[in-house]
Amino acid sequence: MKKKSSISKKPMSPLAKKEAIQGYIGLLPWLIGFLCFTAVPLIAAFCLSFTYWDILTPIRWAGLNNFKEIFQDGKILSSLWNTFRYTAIAVPLTTALGLLIALMMNQKARGILIFRVIYYLPAVLPATAVALLWIWILNPEFGIINTFLSYIGITGPAWLNDPHWAMSGVIMRACWGVGGGMILFLAALQNVPQSYYDAAKIDGGSAWQCFKKVTLPMISPTIFYFVITGTIASLQEFTLFKVMTDGGPVESTTTFVLYLYNVAFGRYNIGYASALSWIIFFISLVLTWIMFKSSTWVYYEEEGK
Amino acid sequence: MKKAITLFLVCCLLIGTLSGCSSSDKASPGKVKISWWVADTATLLEGYQKIVTEFNLINPDIEVVLSSYPSDYQSKVKAAQAAKKAPDIYIEEVLANAATSGLFLDLTPYMKADGFVPDDIYYQPYFDYFCKYEDKYFALPRDVFSLAIVYNKTLFDEAKIPYPEEGWTMDEFVETATKMTDHDKKQYGTIMPDIWSLFPLMWSFGADMVNEDATMATGTINSEATIKFFKFMQDMVYVDNIAPMPQQLEAFGGQEEGAGSANIFQLGKIAMMPVERYAVGDFKAAGMDLGAVSFPIGADGEQWTYGSSPAFSISSSCKHPEETWKFLKYAFGPEGSEILANTGYFFPAVKSVAEKLNLESDPLESVFLQQLDTKNKTQLAFWWRRPEGWTGVWSPDILTPWETAWDKILLTEKDVKTSLDEAAAEIDKNIETYKKQKGN
Amino acid sequence: MKREISSAKRKKQIVSILLFIVLALGSFVFLFPFFWMISTSLKTDSEVWSYPIKWIPSKLIWKNYIEIFNILPFWRYFFNTFFITFCRITGQVISCSIVAYTFARLKFPGRNVLFILMLSTMMIPGVVTLIPSFVFFSKLNWVNTWLPLIVPMMFATPFNTFLLRQFYMALPKELDEAAKLDGCSIWGIFIRILLPLTKPAIAAIVVFEFMAGWNDFMGPLLYLVDDKLYTVSLALSFFQGKNHTDWQLLMAASTVASIPLLALFAIAQKYIIGGITMTGIKG
């Protein structure tokens, strides 16, 4: 994203002013929704982090005690580590897979539609049903995975019952839903003008060079989107962990948000949960900022060729 | 064609907007609407539904609406409570909360007005323990349940081994389980039950989680006795191999409480298993030939068990307390209790119903009935009750570290003492946090 | 010359065939769980937990599919969910396009800050805003209606807006300049020139929003009480009990629930893939 100089000494030209006003008007479809529906709960959540509240008793002021508690809570680091483990593997993996599959799907061949539907299918199924399905699939005794492994002579691990393998099991399930990314990359690939490819070929480029010099830059905005939103979503991932493992075994898949949920709805400590949420918020913010800063590889047409 | 589609969409939009976007809290004219929320499904829900249907028939001016939210029930209830939109009837698990939070109705005046005397109707001390707080009543019980050990008669007959008998010792338990284990047939003598069914075994070892008034875990959860208990359980799986490994438990859908072990038992792979009364309903429905027996006698010569009684309360924001009490009385008094008992899943909390259904002569039920007699060492589920004077913490504060220790010991075969020490530290920390929260 | 063309063609054919083989192998991986799902949905209650595992049920219990409609009024829930989702999609496409264009093309003070602010609203776990949101909506008396599920979605949300913004930024500025020369206003450029070019992204958003609306569970759980308002996701949760999950019914219901999504995708992917050639830039 281009860094706009925020300090402009000279007053805005009437043309620029006109554009700015149009800009703010254009933001209204977001601003109104934000002010009415998002801001209120966010501010409330912020305020709650300074309180003790278990819903049954009235709200009481806690000052900074919740935040002091954070420093003494050992579970935070371990759950953050689990979250990091998941995000650091799942995001690159699903991005690469999604792109790869989209590239393969990006042809006009007959019957490609069937493949597209097949690969998209997993993303369509209801999340809870899929999580339960995968508990079956990862079943140590007779799940599909271990059964196939046994055909080639390997005794599969206990997957969701083994603290060392549970997270891998969850990540496998996450990769299965890669169809969502596939659509995105397909859309982006379709937006690359054929004329660019023609020009590259005329310049004598090989397939790999076409990919590197034309495809990748043209779809880089979409890759960027996918990585950022994928990271934010992975940091927040909840349903997957709650239904598949409920944080087990031995808390090896307890991610930060799951831990937060347990604090809020297991221990009824709403205030502390709200305080905790700021941690993941700041981590997400910092990560996003870093990614934006380092996004020089993203190529936007409007910035010239 | 396009016009037709547009017209169709517009119609849909109108219908949708009208039906979905206006609030309809009012019942059909003239009727009083009462909301009842539960988290159960299947047969249990059918039982509830039957009660509601019957009641609505008998009382045409009242309409009870039963809603079930099996997933994420807590989120729904807590949000409703926070917004002061709690349902009229629901379960508050901890009686002390029901009594002191002000969110629930004191039922005493309604009982007095109706001449409703709980002592005559319900099993004691269960009723008082789970529904009465400082001389005031806050709930009516749905059922009473206790724990016992059920055994698969078919397997015993096949192996020509005598059934377990009342008054048997822990050694006899291990002996029977060893004899009933046949690895060739993939059959095991017993199985690690869900956490709740463990408690009687734990107590019979003289072990426990926290001290008397729940102020501290260290010294109790990592005491010699508790370490011995956990080692005993661990050995059953890994040394004596008379219980299947937990991985195999999970293999049969063991993510929900006890579902896995119940499924394996139902498949006829386990000879004996400690269970809550509820599980028997499923087993009987599956056509199993079952026997039941009390827990083996512990090291202290006592026979332990564990009992509880979920109870429904009325929300204090209820708009029609009179009618709601009328329904509550029907649902969990003799009439409703009988309907629930007939589902096969609930042991009635009402004495007269147990007599009417002749449960005493039923070989299975009589064992559970026997457990209710607190002349034995029946520990009542104290965390649901939070007795006065107990600094009591939320049960998750104690149970979660305990469950983690259990997982470590049983799932990963970790050293017992270390795991329990870790659990002790964590529980104590939770207790400290809780005290700070309440203290301020 | 002829030989060159045919060898290039041959190469292309081989690559195509290889790709097909890889895709076919991959589909096996992607399809298998689904096969398992359908297989389970056709089993009897007792067969679900049989040991050793039964890949194909001994008897196909198609009745399961009928039974789910008997237990719950699925048709009504389909209509409900469709209505809510339709509103969502419409609201999102319109509002997110406008805001995305604004962030991508218009310059105004604080643009970057506001963009980051918008993104940051995605970073707070829903768990903590659950209760404040519910209290807020209940004060508005919107509980037990579809309003909390629809109205907020009439306004732009971060994920979709971000996506569209990326697409707008990938469109060449020459298009805007050409249009300006023709006398187009800022919004004219938007509606007449750029918006139509984002069709693939819009189609993608339609699919994503449909998925989101169809599978949204927490919203309907919290805000709906009357069962005549329930959505498909709520209905599915009904098949999972605490002590007892009717696996075969749950799988049957999940299969039925995913059909509309698949149908929509099959249609929409034509638009995503349809390919809008960049008129005006073609060399």
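Lettered A, B and C in written order, each chain numbered from 1.
Everything that follows uses one rule, which is that a contact is a pair of C-beta atoms (placed from the backbone, for glycine too) under 8 Å apart; a residue touches a chain by one contact, two chains touch by 3 or more.
The structure presented is a predicted model; accordingly, all values stated were derived computationally and were not measured.
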| item | value |
| --- | --- |
| Chain at maximum distance from chain A, centres defined as averaged CA atoms | B |
| Inter-chain pair with the most contacting C-beta pairs | A-C |
| Rounded Å distance, chain B centre to chain C centre (Cα mean) | 39 |
| Centroid distance [mean C-alpha coordinates] between chain C and chain A, Å | 15 |
| Euclidean distance of C-alpha centroids - chain A vs chain B, Å | 38 |
| Shared interface positions of chain A, touching two or more other chains | 55, 128, 141-142, 265 |
| Chain C: positions in contact with at least two other chains | 51, 131, 135, 217, 237, 240, 245 |
| Multi-partner residues of chain B (each touching 2 or more other chains) | 71, 75, 78, 82, 253 |
| Chain C-touching residues of chain B, taken from the complex the two chains share | 9, 12-13, 15-16, 19-25, 35, 39-44, 67-72, 75-76, 78-80, 82-85, 252-253, 256-259, 263, 266-267, 269, 278, 282, 286 |
| Residue ranges of chain A touching chain B (in the complex, touch as defined) | 52, 54-57, 60, 62, 65, 69, 72, 128, 135, 139-142, 158, 160-163, 246, 248-251, 262, 265-269 |
| Residues on chain A engaged by chain C in the complex (per definition of touch) | 1, 3-4, 6, 16, 19-24, 26-27, 29-30, 32-34, 36-38, 40-42, 44-45, 48, 55, 101, 104-107, 109, 113, 115-130, 132-134, 136-137, 141-142, 144, 147, 176, 179-180, 183-184, 186-188, 190-191, 193-195, 198-199, 218, 221-222, 224-225, 228-229, 232-233, 235-236, 238-239, 257, 260-261, 264-265, 270, 273-274, 277, 280-281, 284-285, 288-289, 292, 300-302, 304 |
| Chain C - residues contacting chain A, complex | 16, 19-20, 22-23, 26-27, 29-34, 36-37, 40, 51-53, 94-96, 98-99, 101-109, 111-112, 114-116, 118-129, 131-133, 135-136, 151-152, 154-157, 159, 161-163, 166-167, 169-173, 186-187, 200-201, 203-204, 207-208, 211, 215, 217, 232-233, 236-237, 240, 245, 247, 250-251, 254, 257-258, 261-262, 265-266, 269, 272-278, 281-283 |
| Residue ranges of chain B in contact with chain A within the complex | 71, 74-75, 78, 81-82, 97, 101, 103, 246-248, 250-251, 253, 255, 394, 396-397, 400, 404, 407-408, 411-412, 429, 433, 436-437, 440 |
